[in-house]
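A short write-up of the structure that comes next.
Think of it as A, B, C and D in the order they're written, each chain with its own count starting at 1.
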């Protein structure tokens, strides 16, 4: 891999941030902290990080109901995210959005989205904006396997294709949409195959391998910045927890399946690889983990100590 | 062609019915008769007739804003259609629907539809109904090239594929959606290519040749009745008149293009073929044309003499 | 002892019974087998073939419901939440609500669209809406809004047997509410509200979850010597307009309490109706208690403030006494 | 002589001027170059790059408008008819209307959605609707409903410069209506209705095409000795509630006249508002004149019967005098 050492370290750190941020959420849920509907991203970290490590601050992403990973990977500050989940005035959204609506326009994170398929046209429009403004930016839409059955997927890919928009369509195929297997709901096995229907490139990649994701995305970003249009990238991945919340009980998935995927854990394996490739020592990696741990601790403290919104704050921010 | 003589004659008659019905509309519009928004089908007759000649009365179709041809081909009575356009109480829809909403459930015509892409899910649902009731029927959705960019196209084909519904998706690719060339709005050249994205067969056929359309449809109907699921059939065709109304002035199409397509006129060429193949003599064909002419005349008379709805009739039929 | 079951169970029973009674009844929607609102799975597994999981394609599976209804089936289309109905409104408003009329009464559409609505605590703006106004404002739809397990079951069965499109709205907060539901079959006709509590000074008209708050408010007001009549509309289309007018005739005062954003709500419609048809009875302004005119915010402090509360209903009543 | 242009031309001018003024303004929609409502093509061909034909994909091109608005552009999204907005309501209601609020005011959405509405003669149920109620009932949208070329132009320019989502509704029957529009630039602020005609006995509140009918009705009523005040609201959100209340205070009587189906209409909202805030001024019931509660039928006899007519307005006024 010809990725710089600092980038690799950064990627590892981001993945750990996502993992530990959500493990903290699980802990907090266990303690009875009301955080709203949190759809956990644990297991899928390689996708958000592999994709977003190709982006600059002024590139755009639009996320889904399962958005924490995308937010962190795109550079949203953890402490403001935590404060948002704690329903605090200091949250990214001043406590008005919660997990499904975290947005931070200063880092190009245009918003998580609680409507399956709802974010895809928005990302497409940000691509149109780039094209009209003639800048060198790119945009990415994240969405699940389930979302590909929504009409917006089809319409948006068509528009992006005919207008050659600099948009990456990143399908996180975690094999299920809520309780429904992709193998039931999807008429093809590989989502990437659908790219042909729009005359654009489609690639399936191992979504448990951050380097694979990074490299495929890298090609697509180059295409996009060169005015060659969109790419559909399907990342096969897996969520370790239930559709939302912190349970791991699935009536529709087997324990064996889960265990098999956990063997391929994106963080564990990337860690081993970094050591084996001599990028970082175990000690240094541990140092990163410690640093992130401290960060999370600080974020919780910040969230806890932040003021609640006043009831009447609810009447503000409807219009700007 | 191994199509029975009586079927061929019937097909010819239907095509002539559509043509003369609409030529009558053009005449009436010229005379100032207010018929509402009529989207003419002239030029595309081979599609409706080639497809529907495979159907029985209890098979279903769902049509579009350009629905006269589908209605006639599926067996809706011309005189009630004419009365509908004349806004009469005796019309197919009691004067409540007009050209874009003609329906006749007694012959499986589930309705034209004024919303582009709006009819595709309805046809899909009638296919689901067939499957649940375990009958041997089939259903077809007609739609234009423009409609394939609507999300409902994508969603419906996916559902039909995973459930193996007995539905034929008939795309009438007349090269334009209103004033917008399909070559601009569509990310692939052949709509049929999109079938792959749903793991179903897709065929492009010469929509100016009723036998070609008939035969391809025939295969698809067999598949459907045998429980093998949906087929996407793209018929390349051309509308001779403007998007709606009786003008032929197009700012977005050349006269040459129109002329070229008229050379391939589906009725003229089918007529020649029937004579050449010795199916019918010129005289007999002329007889059919005369018969249809008389039918149209009668339909106009019926429509003219029919009573207008009373204003208060508007309050009826909201619920049954 | 009287049998008590939850609203969820009441719906399950209604659907199960009607499916057994009529082989053309079927249920379709997303993740039905794991969806707590449906209760897990059909009660009788022999009905499984008619409980159909759909892909996440609201516009098309709702439209497919119409196609099936037109061709001999009686579909129940479940939307996970009413918020997602917005994806399917072309099918609901342009197709489903209109085809019977447009066809001059030739189309029969025995279709139920069942959608849970309302705020249930920190689900934020896209999972908390109450949208009855959109459906009530669409000619061609019947709109049902029950508040008790008894009503849920009886009205759901009626909905399934109706030959017209029915939007059946339940409230998420009522899913696990328990109440008496007899073992024996019964149906509840559309268009009949009920007086939940008799009173003389003010009429409160309400439905779904806010009805419960209205009843609590009425009890509080009683302690202050104010006698409140509380009407549960149960169905919004058709509307039991006579029940409303008769009550207002008696009390001379009206509060309409519900959970939609106030502006453009069904509360507004009912207020306008009474201001037009019952003006002569009115002794005071008509008050609407509803959500404030913003999306539902995430944080509990703000969510509580935006939603109509018992205190707001009490205050509205006092304002016009 | 005063310059007179049509509403269509007024919009063309507004868009053209704002596009020249600000390079982030662009227009997207179906068949724009041939669409009579847009007037054929942009006035200044140098702007062509910013007039973008879309595929027939309402949900996504409306949603793309939001994406563009969030990232530095000022899109005008044209829907061919408001009926087709129903396909895009998830984007309009769940995304566009809510994102500013959900993000705690961090999102700026300078987006205009322009949709012609209303019945224009035998276009039947799917091409004749008036749907302002849906938009007015959605917190987070501004809703504009002008009736004259002057107002169309001034309000459209304001809409383009607003940093919030604006639903700009025009009425098909007004497309070719001519009226004075000055050459000089002007803007009209949102939230200011105008008194089109002064009167003392009854207030008629109206907008869009029905406003014209209201003015004709007022003239007829004058001949019968009834003095009618006619208010053109021009914008429904924000609403000039003071203008309405002041007028009702003076006349004591209110008719709201508009083209939506009556049930759940904005007429109902305004009636409810006055029954709540202006009850003390009222001498008579509030009347709503609107379309009957059915889809718009095709045949002219029935269509005329369903739509609100001058005679209906006259009758409503007389009913409460």
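Following the convention adopted for this analysis, a residue touches a chain if its C-beta (ideal position, glycine included) is under 8 Å from a C-beta of that chain, and two chains touch if they have at least 3 such contacts.
Just so you know, these numbers come straight off a predicted model, no measurement behind them.
Enquirer: Work out the mean Cα position per chain and let me know which chain is farthest from subunit D.
Expert: Centroid comparison gives A as the farthest chain from subunit D.
Enquirer: Looking only at C-beta pairs that count as contacts, which pair of chains has more of them, A-C or A-D?
Expert: Of A-C and A-D, it is A-D that has more C-beta pairs in contact.
Enquirer: Taking each chain's centre as the mean position of its Cα atoms, how many Å separate subunit B from subunit D?
Expert: 36
Enquirer: Once you find the CA centre of subunit A and the CA centre of subunit D, what distance in Å lies between them?
Expert: 40
Enquirer: So how far apart, in whole Å, are subunit A and subunit B when each is placed at the average of its C-alpha atoms?
Expert: 46
Enquirer: Using the touch definition from the top, which residues of subunit D touch two or more other chains?
Expert: If we look for residues of subunit D contacting two or more partner chains, we find 54-55, 57, 59-60, 83-84, 87, 90, 94, 101-102, 124-126, 139-140, 293-295, 297.
Enquirer: I need the residues of subunit B touching at least two other chains; which ones are they?
Expert: If we look for residues of subunit B contacting two or more partner chains, we find 93, 95-97, 101, 113-115, 118, 149-152, 155, 158, 162, 184-186, 318.
Enquirer: If every chain is a node and every touching pair an edge, decide which shape results: line, ring, star, complete or other.
Expert: Topology of touching chains reads as complete, every chain touching all others.
Enquirer: Using the touch definition from the top, list the residues of subunit A that touch subunit D in their complex.
Expert: Going through subunit A, the ones touching subunit D are 60, 62, 91-97, 101, 103-105, 110-111, 113-115, 118, 120-130, 132-133, 139, 151-152, 155-156, 158-159, 162, 316-320.
Enquirer: List the residues on subunit B that touch subunit D in their complex, please.
Expert: These residues of subunit B touch subunit D: 34, 36-37, 84, 87-88, 93, 95-98, 100-101, 113-118, 146-147, 149-151, 177-180, 184-186, 251-252, 308-315, 318.
Enquirer: Can you tell me which positions in subunit B touch subunit A when the two form their complex?
Expert: Checking each residue of subunit B against subunit A gives 149-155, 157-158, 161-162, 184-188, 193-194, 196-200.
Enquirer: Using the touch rule from the top, collect the residues of subunit C that touch subunit A in their complex.
Expert: Residues in contact with subunit A: 30-31, 33-35, 53-60, 83-84, 87, 122-127, 292-295, 297-306.
Enquirer: Any idea which subunit C residues touch subunit B in the complex?
Expert: 24, 26, 49-50, 52, 54-55, 57, 59-73, 75, 90-91, 94-95, 99-108, 139-140, 142, 163-164
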